[in-house]
Amino acid sequence: MNSGDSLYQDAIKQFAQAAHGHGTLENATGEAKLNNPLCGDRVRMQVALDAGRIAAIAHETKGCLLCRAAASLLGARAAGMDSAAVEAVSDELDAMLKGAAPAPAAWPELAMFVPARAHASRHRCVLLPFRALIDALKAASPEVRRDAPRGAGDTANTTG
Amino acid sequence: MNSGDSLYQDAIKQFAQAAHGHGTLENATGEAKLNNPLCGDRVRMQVALDAGRIAAIAHETKGCLLCRAAASLLGARAAGMDSAAVEAVSDELDAMLKGAAPAPAAWPELAMFVPARAHASRHRCVLLPFRALIDALKAASPEVRRDAPRGAGDTANTTG
Amino acid sequence: MSDTAANLRAQFPLLAAAPELHYLDSAATAQIHRAALDAVVSHETTRRANVMRGTYRLAEAADLAYEQARQSAARFLNAGSAGEIVFTPGATASLNLVAHAFGSTLKAGDRVLVSVAEHHSNFVPWQMLRDRCGIELAPIPVGADGRLDLTRLSELMGDRCRLVAVTQCSNVTGAWTDVATIVAAARKVGAKVLLDGAQAVQHGPQDVRAMDIDFYAFSGHKCFGPGGVGVLWGRAEALARMPPFLGGGGMIAEVTPEASTWAAPPQRFEAGTPPIAQAIGLAAALDWMMTLDWTAIREREDALCQQLIEGLARIPGLRLLGPQHAHHCEARAPIVSFDIPDLHPHDICQVLDAQNLALRGGHHCAQPLLAALGAEACTRASIALYNGEADIEALLAGLDRARRELA
Amino acid sequence: MSDTAANLRAQFPLLAAAPELHYLDSAATAQIHRAALDAVVSHETTRRANVMRGTYRLAEAADLAYEQARQSAARFLNAGSAGEIVFTPGATASLNLVAHAFGSTLKAGDRVLVSVAEHHSNFVPWQMLRDRCGIELAPIPVGADGRLDLTRLSELMGDRCRLVAVTQCSNVTGAWTDVATIVAAARKVGAKVLLDGAQAVQHGPQDVRAMDIDFYAFSGHKCFGPGGVGVLWGRAEALARMPPFLGGGGMIAEVTPEASTWAAPPQRFEAGTPPIAQAIGLAAALDWMMTLDWTAIREREDALCQQLIEGLARIPGLRLLGPQHAHHCEARAPIVSFDIPDLHPHDICQVLDAQNLALRGGHHCAQPLLAALGAEACTRASIALYNGEADIEALLAGLDRARRELA
């Protein structure tokens, strides 16, 4: 059923299905919840850090295939990375989606999201788990303040 | 200089110039101030009633030729009328301006405003003194409550 | 025969130019009718001027067209007079206007009833009012079919209810609100009734006097008009008692450095240059709508809705939100939202899009309703007068394909 | 040669179709540029869809065009990023937004400085805020030439001044505000600076970063774009600290019956369906403006302004409001208001209209300024890039005729 340019490559479906890292951590040192205000999708991301690097990662993701595939990929691959590395991959992924760059060399699996380039409204689905992980890492190292307001719509700033 | 269809007939200029009734009353029993929120034009209208009829009328009018001519006409002609008669003439004038009726038979001078028909934005200039007089008459007979909200923009309803 | 879907469709420039498109997202925004677009262009090219300000002919022509637009809106709603029509930037702006202007006349402890079925635009402004001034905000619950559950209505109202602000028609389930019951209960305690008509107006002209309500809000872009304009209708007495909301040019009687006084309604509520060409374009759309045979159109919309509901019923596990039948438009408008287990609405819409089906998936700005119905997001097909059977068939085929492709 | 007034005029559909018209009321509303109108029509006929809601291609195209419009506005203002651009229904709405959202962060006793020269749209919202929450409102006075008198500025500010909200250019006198002096004084006490740019934008792109201000407001219809849309620019940090103003769809992070959380700026301030086609049309106007040679245009506008001022000086008794010379655009924009003894502006404008001269007479929504200058109403000629010497000559001839006809 998959034509070559379809968004729903087998890789995406398989990653989503596998749901690597799905669950919760007992010993989480950082946690973040992010939602997509367009659809109510949610990612809860937990990490346990060891010397600034991800020792364990878990997430609960309620979302579309793209979002779940991205979360699952992080569940499978993020262990061992530090904040800077995660942010770098996230930026590269963003650039890839915007059509400005190829898939990050270090994470060839991200190429499965290349067909999403044409669908700007879905970029945030792919990026949501990455942003949640970045926030969880910040929560785990509280000395790093988060001052700059984030990209539109991904964060809740005020309570009514 | 006056072409036949010009708004500025000699009659209008003469009435405005004459400023019949210009001034203030010592023994006013009713008074109203109205302004035109578009230009800040103002009419202050005073009446002294005798058995429900206008015994004396005076006004201070800061306005354009049309407004001043209308106020002057009232100054010259309104004495002796009661509220109902003033409202009737005002309604007939309104209908005349809207093109729906000829000049009121009882007030042939109002025909001088016929050329204003084509200029809807000026109708309120002509009507302002009439509305002020109606309000002054209401103020003079306080038992007549004014409940219905008035035409747009001519009245001040709330203080900031 | 002039009102067949195909004939109607041909009057919408975007749809006429894209014969392959199955546009099923009119609840988000309806397509613009040719007459509305033409009216905008003609205004901008022949009588563009500011209104209520100038006396030259161009300005008078603009004034006249703008005030005639008010009259069209008044006719469309069967309002008592054109002076009861306030042009706003849209339904959301209309609702916020009431929440601020009427809201400022409320005291802590006064109660406002909304419903769980509201669009965020008729929910959040009241939450914000509650947080500003301590009113009590009570949401009317919904039943399992998404319709407002009015069984405990008078209890919810208590005796300090000042306003019931509810949707006339849900943008998710299409469920119509039982307005008569609400109005009857509100009158007993002296509460006013505001209807959010955003979803109702694309299904025909309304009658605010027959409904005996106090405020009505809608947007131009949802009834075949331009964006950037909406209407707040309010009973003359209700508007006259409200202070202004926004301050600015055109809404004053007099301004001094110390204090200002306000113009009468509707100008009091139209601060600044209004959306002039948009109001004129909206009037053209409303005028056009008033020429249509709505009995026939409703029958057709109802039949399409039923065709869709029956087709969806054949999809294993599919859950239809809202009333399960259209019941000849009595129960629901042709807005059909559903949930298919294990398929995310975004993914469904994406596959449908590849087949030229424009549908929206998400929470549709109605999170409290979705939560009450036990859903997080859903897929929505909304049907308007230019849709036909081919659109429904394409959608049902598209869903089959989505289920295969996403499995 | 592509920028002569005649060539420019030909690009404005209304003016091109009415060669006899001398349009001198651009300060009220500027005519719409062909590119802006075309952009509106093209959006409505090829990619009309709601924004920030759908994932189908039509919706994505609408999203993209809308976000690109934000970028155009950011470039026009030299903003730090497109995320600092909030689309609003107009300048009045932008100003009210700040008065409510920033205003809600002020406490009784905090001070806001406006000026006596403000348009009602930047005066009344602050009076209303004062009445709501007890801030002190202090108006900066004007000198005899209508320019803000800044000699006692720091005294007026005191030490609790939180905001200075002033016009960049008066819509009556054309006087430019000395922004640098105000910003320097405001910085000393930690006050923010808001500029009402409504009259400035039709005279060229702006640089909010060079001016080092915090908020900037303007309307699309005054810079050759559609009506129904405006911009509020705010520094990212300033916007991030403000609560929302209106509640509704698109501005939330999450809504529950109990409480809601807000999206980040700019969405936080764009409740409901925004004026999409209008924002896209505005962007087309701004993009076009950014291609022009503004040095040349300002020189021409300045020369016309000087020609008019000199012609007016020959009318016995005429009083020119505002700076007496344009001083190469340093002192005033080409907005020229005057008062002729014993001739009422309405009557003057009426006679001018019969000669195809479109000018506005009245208080121009600036009653405090007129009062300060000792006038009640005045006649205003405002010059834009499509005006030429013929317009000025016709106006001077028209005034001669008005004086004869009204005498």
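In this document, chain identifiers A, B, C and D correspond to the written order of the chains, with residue numbering beginning at 1 in each.
One rule holds in what follows: a contact is a pair of C-beta atoms (placed from the backbone, for glycine too) under 8 Å apart; a residue touches a chain by one contact, two chains touch by 3 or more.
As the structure is a prediction and not an experimental result, all values here were calculated from the model.
Interface comparison, B-C versus B-D: the higher number of contacting C-beta pairs is recorded for B-C. Between the CA-based centres of subunit A and subunit D the separation comes to 43 Å, rounded to the whole angstrom.
Measuring from the averaged C-alpha position of subunit B to that of subunit D gives a distance of 36 Å. Between the CA-based centres of subunit A and subunit B the separation comes to 72 Å, rounded to the whole angstrom. Multi-chain contact residues of subunit A (touching two or more other chains): 38, 40, 119, 122, 160. Annotation for subunit C: residues touching 2 or more other chains are 53-55, 59, 124, 127-128, 244, 247, 252, 254, 259-260, 346, 350, 361-362, 367.
Taken as a contact graph, the chains fit none of the simple arrangements: neither line, ring, star nor complete graph. Contacting chain pairs (ordered by label): A-C, A-D, B-C, B-D, C-D. Residues 52-55, 59-60, 63-64, 83, 236-237, 239-240, 243-244, 247, 252-254, 259-268 of subunit C touch subunit B in their complex.
For subunit C in complex with subunit A, the residues that touch the partner chain are 124, 127-128, 131, 344-347, 350-351, 354, 361-363, 367, 370, 376-377, 401, 404-406. Across the interface of their complex, subunit D is touched by residues 1-2, 6-8, 13, 38-41, 62-66, 119, 122, 125, 160 of subunit B. Residues 35, 37-38, 40, 119-122, 148-160 of subunit B are the ones that touch subunit C when the two sit in their complex. Remark: subunit C residues 13-14, 17, 21, 23, 25, 28-29, 31-32, 37, 40-41, 44-50, 53-59, 89-93, 95-96, 99, 116, 119-121, 123-128, 139, 219, 221, 226-229, 244, 246-252, 254-257, 259-260, 271-278, 346, 349-350, 352-353, 357-362, 365, 367-368, 371 touch subunit D in the complex.
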